[in-house]
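Can you keep this structure in mind? I'll have questions shortly.
Chain naming follows the written order as A, B, C and D, and within any one chain the residues start at number 1.
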Amino acid sequence: MRKIPVFTAALALVIAGTAACGSSSSPSSGKGGQAGSAAAFDPKTCQGGTLEVLNQASISKLDPARIYTSGGGNIPSLLFRTLTTRNRLPGQEGAKPAPDLATDLGTPSDGAKTWTYHLKDNLFFEDGTPITSDDVKYGIERSFAPELSGGAPYLRDWLVDASGYQGPYKQPEGIKAIETPDPKTIIFHLSKPEGDFPLLATATQFAPVPKAKDTGVDYEKHPVSSGPYMVATFEKKKTLDLVRNPHWSAATDPLRYACPDKINITAGLESAVINQRIATGSGQDANAVTTDTTVGPDQLAQLGSNPDLAKRVSKGEFPATTYLAFNPKVKPFDDIRVREAISYAVNRSTAVNAAGGTAVAGASTTFLPPQKALGYQPYDYFPAGATGNPAKAKELLAQAGYPNGLSITLDHEADDADNLGPKLATAIQDALKAAGITVTLKPSDDSGYRDVTGKPSTEPGLSLQYWGADWPSGGPFLIPIFDGRQIIDSGGNFNLAQLNDPAVNAEIDAINQITDPAQAQARWGALDAKLGQQALTVPLFYEKDVYLFGKNIKNAVPDGWRGQYDLARISVK
Amino acid sequence: MTQTVLTEEAAADPGPSSPPLPRAALWRRLRHDKAAATGLVIIAVMVLVAVFAPVLTALEGQDPTTQHSELVDSAVGTPLGAHGGISGSHWLGVEPQTGRDLFARLVYGARISLGIAFGATAIQVLIGVSIGIAAGLGGRLVDSALGRLTDLSLAFPYVLFAIGLMAIVPDSIPRPLVLAVVIALVAWGGTARLARGQTLSLKTRDYVAAAKLSGAPPLRVARREILPGLVTPVLTYAALLVPSNMIAEAGLSFLGVGIRPPTPSWGQMLSQGTTWFRPDVLYVLVPGGALFVTLLAFTLLADGVRRILDPKNTEVAP
Amino acid sequence: MTAAGADAGEHAVIAGAAGAAGAPLPEQSAGRGPAGSGPVLDVRGLSIDFPVRGGQVVHAVKDLSFSVPAGAALGIVGQSGSGKSATALALLGLHRNTSARVSGQVWLNGVDLVAASDAEVRGLRASQIAMVFQDPLTALDPFHTIGDQIAEVYRVHTKASRAQARARAIEVLDHVRIPEAARRARSHPHEFSGGMRQRALIAMALACRPKVLVADEPTTALDVTVQAQILDLLDEVRAETGMALVLISHDLGVVAGTADEVLVMNEGEAVERGPAERVLLEPQDPYTQGLLAAMPRLDAPLPGRAGQAGAEPEVLVRVEDLAKHFRRGGSLLGRAEPFRAVDGVSLELRAGETLGLVGESGSGKTTLARMLVRLLTPTSGTVVFAGNPISTLSERELRPLRRDLQMVFQDPLSSLNPRRSVGETIADPLRIAGTSSDAEIRATVRELMAKVGLDPETYDRFPHEFSGGMRQRVGIARALAPRPKLLICDEPVASLDVSTQAVILELLKEVQREYGLTVVFVAHDLAVVRQVADRVAVMRFGQIVELADAATLFDAPQHEYTRTLLDAVPVVDPVAAREKREKRRLALAAG
Amino acid sequence: MIGYVVRRLVGAVIVLLVLSAVVYGLFYAGPSNPALLACGKGCTPDHLAEVKSAMGLDKSLGDQYLSFLHGIFFGHDYSSGPSVRSCPAPCLGYSFETDQSVTSILTSALPVSASLALGALVLSLLLGVGSGLVTVLSGRRWLDRGLNAVVLLGYSTPVFLVALVLLIVFCSDLKWLPFPNYVPLTQNPGQWAQNLLLPWIALALIGSASYARMTRAQMLETLSEDHVRTARAYGLSERRVITGHVLRGALTPLVTMAAIDLAAIMTSAVLTESMFGLPGIGHALVDAVHGGDLPVIVGVTVAAGSLYILANALADILYAAIDPRVELA
């Protein structure tokens, strides 16, 4: 139902590309895993069988440099170990990072501007060669090559003097800001304090790549595995079959259980078919899961009456908000009363229904989703109730000089795959009609939509938007949207309000220096609440993720980072 | 979309030598042909429904775009109440998720489905007949150029090209118009081929020579001698084109490149309905049934006309 | 002609007249015995009905009786719709499993084909009675070779081996004088000419040595010279094999030289039957008499053409070295040799004369005629009409001259727009000229209609409501409407029954006189041309081989081809016909 | 014969050239920005510039088209750095979004589409021709009417409706079949057929209508031909008449229809592929359209058009080979 986009502050756009690269996660409401098997689950005896993964999104990229993931993704994380990784636990604990290749979460120094990591012992690639800190450095350098673009842009921003680096093919001397004094140690020098660095280090760009095996753009045909599985066959956009990596050792990797002997991923399926197959569960489908298809209305409607099916759902929350974005540079949205009127007029019931109902979306009046890891603080400055307050909206419009109503255009995506399509747009259209606002809908194809809305010169006055966290923290949620220095004129901009408030910018810099998560959370929450008063966005709903899994699947527990069960910990036995 | 193929069959059989049937006689026989008459009545009803959609929805007291979140289950979006929420104020129930009135959407959807089907057919016939006559009456060069053009249009993978075209047409043009034009543009070849074949056959008739001898200029020959001879075969063919265009519209809307929301179209409703088959079967049955019945009506009519006009009238095997 | 045959003939006429099928006479019981002197085919009280739409029934054949002795030849003659073809099909039981209802008896070799079982009838077909059909183009399966088709028939009836059947096929093909029979047996039907195909069909008929051969209009689709060859062949194989022949034709001339006995049918009934000489030379029945009178004949006295022989009339049309070439099978990789439909024709048309243009199919006569009125543009050469070079003028320049050049077409159905009323069709040239008011035009049209023998009240009727002859009158009226100077008649009577032919020819002569027209009369039928033409041009392979006064051309033809043509024309007098056949045979032997 | 084939193919190539030029021109000269679209989602300005120069979009449209044509015969290397994306001949373009040559997308989609089309065609022919023959040969009026009704139903049912009902009934409710999941023939023929069964049935239910109607009409026409009367007049049994002299003539026109159908299903069974999740050509195109992947749209359209034209040419050649009357000089 939902493709899984993740976002970047600086340059890049949405990537739904890779099969896996799912969303990241954060403290989950932790309802998942009531299957009860979680408690009885023993990772020691779970080995065996073949896991089937049925996905919609094509597996079009498998190069760790090119994948855009949150927390290392679901499928990529089976192949690539990274310096740190998500903690893979339900609830709030799961929203934290944990050491992976590294021995710990890193040692900050110089006011969180320098981060030092040491690699564990006995780490090997699938061919048996040992993993060194140079391999990690090389993996990061590759991701700067233009022909391997696609990953998150943070490193380019954060590393000292790295923004002009063109990758190891053109500049074999490498990035000065990364030091590898010995094969076990790697040191990162940042241009500014970044308390979130251990969370960023979960990305696949932090996976080691052996220089000797690098074949450039062809590397993805068989990326060298450092994780529990390796590629057996890979057919772009169709199938990816994984088998055990003999040189991976569970001793160095307590978080990945690696239960199934084989994992077969099939892409390009219709969402309805995926859900039907998992629900029906005949034959191999009893061992099936999906990493990109939330449950459809057919199965949702059955959950109440079908206890067998109800046992086979995982309910989590990926921290993401769907909202209306204003461009205050465009009339009439320069007038805060118009923005407020629209905030009052929206009908969050129909909006939530458009997304599939309260089972998969929760009405939201805050920009930050209701998760502690992000620093959520409740507020509702323009109370619209469940179904909108058109009277108050009309009043404000009259004050703003539109006593006879208003005609505006709403930009949205052409299809409903990202929940930014016609369904939500028509719900908004219908709700605003009650307040005397006539909405003209303007759909664009996915790519065209990002292109139009991401360029300040062409940005429409009002558009449907979605924002998800690259990792469970308030920073990646608020910075790209509200930091004035993140406005990008050439395209790929996400600060759609084009807000450049020195006070806000300064507060962001201040929070970034904090390395204590609890402290930072409180400050992010306060910043969100303050920004909310300006009515630069109309938050509509936050995301709930309900995934089905097959009859034989055990330990399908949604983690707190991404709200989704973790393939590295699922068993089919 | 094998449906596109069947129109070829009709094109291959111009059946030129049948004596003309006066319109009145055709009408009389049509009324006595049970199947064709049924088709005609259904089409008439559908057209009336489409034309009077605002009146009908006003009678019901609903409109096709107002969302009723109170009428659907807030958790999963299924309509509340039995049979998709059928009630005195919502005659066919409501749409899942949005709670929009299904009857209102159905009757407004008829406007789109029928309008585009008729519109596309009209454009197709216009293009096809013009090109066909020009090719048939023009010289060797004109004929071979237009013949190639026709081959080309027939060679275009129908659906693929329509999808491709829909993707690049700017949004400023009204969508139904775009759809009608695109459908017509990718499928005028059959009509052109039929019209050309018919023209070539009529051209050799001596009465065309006689008209030339009477001093008739070429345009008069085309209008007075050729065009009337095309009316019957082209109309018969067009009767088959209408349902095939309707399927094309439904298919494109189904694929999400057709009509844009909130404007209702049957194909689009069906495409939404596929995920609701079990929780709300009515949501599939209503637009699906309407589409099926209308298509069947057109096919019955076209078949009836063909049967009546067929000089051999091979209803029963010898 | 045997006495028994004559008796049977009398009996048939009597039985027909009495309207009773009657009990078999002793002769018939004899006929059912072993093949001998009695009739091999005996038809008694045959009636055939066809149900049509609306529950009505057409009585195609009513109570028909006749018999054919072994080795004899019966000619059945009738105009279209007389029931002769339905009768032919009944002789082989081919109405089985159709909607036709057959009653009466058809005795063949001791079996009544009407009552026998399907298997029995199948066994008799080809082995006892075989049939040759009218259109040799469609009568053979296009997918199989000629030899295979003959061999298949032979094997079905004789249980012969493949090789034997093949040998038999080649044998019969050789018999019907197909050159290189062994090689041609491997050809598909489309590789044969029309005449060859008809020979192949006859060969197929001969394959199982049947006792009776039914030939239904076997030469109607063929040119006159080929027709003569096929008729000669039929006559020959009958003589050689001793089988009986039933020859069915609309043309009295066709049966004259071949049939011993002739049966004339009209509206499903036998109106007259008897020995060929008697029926053709001294017909008793008024219907037969009418048929014979209407038939154009080469031996009738030339019609007088008074007034034409006077002072040298002016030349209306001058044709010089006219040619028309059609490209065929043009391709990307090479150009095929063009087909020279008309190849260097020069002639002059004198005002007020009628020029007959004769030739076989493909001789270029129609192409030439159409170039005379610029319906076709010549490849080279000129046509000068009253001082105007109409072959080179542009369409626009030509338009004012169009009214002077009119044409009457062969097929009256195809030459009238089925979707326009006859009145408007006739009015068309007047409306295009645009010089008269609507009332004037209507008056003129009514006048014209009356003149050509149409009821002016039928102004608003449509062509399909008229008979063929009436339609041709409409065509003539349309051609006359602009008061033309030159009238081209392209086979104007070829698709009409012989009695209608005579009337239309008379009408044409009349209007020519009245309007002072110059007429070019195109026809394949020399006898028809002879009736109307002052001068006659004979065409072959796109060229005029002979051009002369009618009298000269018919009485003393100069060119070899003209003579061949004239010799091939069937004549009604059986004695004369046999003489002509003998002449042809000698010529063939000599050549 | 050879000459005919050559001529027919040369004609096909000319039509193809025009087709590709039209498609190319239409899409690349259209209002959308090809470089941006080709660059795909997640395109950075760096990447965009790279793609732009690699695609040669700085050149004129005509030059671009020529290099597109050149690529078909000689391949094309897209390079803007040390690593080269090579697209060997026949190169129909390069999808920068998925980092694959269009040719490789096509070659992986083609077997799926071909499997779908062949099976559906065989089933359509069996059902359609079979029922057409039975109707005509039995001569039963009720059968004839029944067939006509079925044919009309087939004409009136959109394929996605059939597909949906089949899926629900056979996979979801009765569970007689697993949900379709394409397995290559080379991998497991049994599963290949099992997984394609429903799509085949869906297409055949609709496609066979045309064949049934065509068979019926052709049979009736051939039965009324003179040479069939000749065969009967020469004492051939009804069975022999039908098998020896009717079937071949009656069914020959179906060859043309089948060849064109084959191409049509291979290229245009978008809805069927989409409903049954078959990764065929139609699916690839829909993906490309939704992703705005212009090189794939153009490449697939051109390839599909070629397939169509070749099928037409093949049909003519086949027809000529079967029917001795067609001259091949």
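Everything below uses one rule, namely that a contact is a pair of C-beta atoms (placed from the backbone, for glycine too) under 8 Å apart; a residue touches a chain by one contact, two chains touch by 3 or more.
Keep in mind it's a predicted model, so treat the numbers as computed, not measured.
The interface holding more C-beta pairs in contact, when B-C is weighed against A-D, is A-D. Put simply, the chain nearest the middle, going by average C-alpha positions, is D.
Rounded to a whole number, the gap between the C-alpha centres of chain B and chain C is 49 angstrom.
Inter-chain spacing, taken between the CA centroids of chain A and chain D, is 40 Å. The geometric centre of chain C is 50 Å away from that of chain D, both derived from CA atoms. Here the spacing of chain A and chain C, counted between their Cα centres, is 89 Å. Multi-chain contact residues of chain D (touching two or more other chains): 32, 172, 274, 289-290, 292.
Residues of chain B in contact with at least two other chains: 167, 256, 274, 277-278, 318.
Residues of chain A touching chain D in their complex: 11-17, 58, 60-61, 68, 145-147, 149-150, 153, 169-170, 216-217, 220, 235-238, 266, 268-270, 273, 276-277, 280, 282-283, 285, 415, 445-448, 450-451, 490-492. For chain D in complex with chain B, the touching residues are 14-15, 18-19, 22-23, 26-27, 30-32, 124, 135-139, 141, 144, 148, 152-153, 155-161, 164, 168, 172, 203, 206-207, 209-210, 213-214, 217, 220, 223-224, 253, 257, 260-261, 264-265, 267-271, 274, 282, 285-286, 289-290, 292, 297, 300-301, 304-305, 307-309, 312.
Touching chain C in their complex are the following residues of chain B: 19-20, 22, 205-207, 209-218, 220, 224-225, 228-229, 318. By the touch criterion given at the top, residues 32-33, 36-37, 40-47, 50, 80-83, 85, 97-100, 104-105, 108, 167, 171-172, 175, 178-181, 274-277, 279, 283, 287, 289-292 of chain D touch chain A in their complex.
Only residues 92, 94, 122-127, 130-131, 133, 135, 138-144, 152-153, 156-157, 188, 190, 201, 204, 329, 331-333 of chain C touch chain D when the two sit together in their complex.
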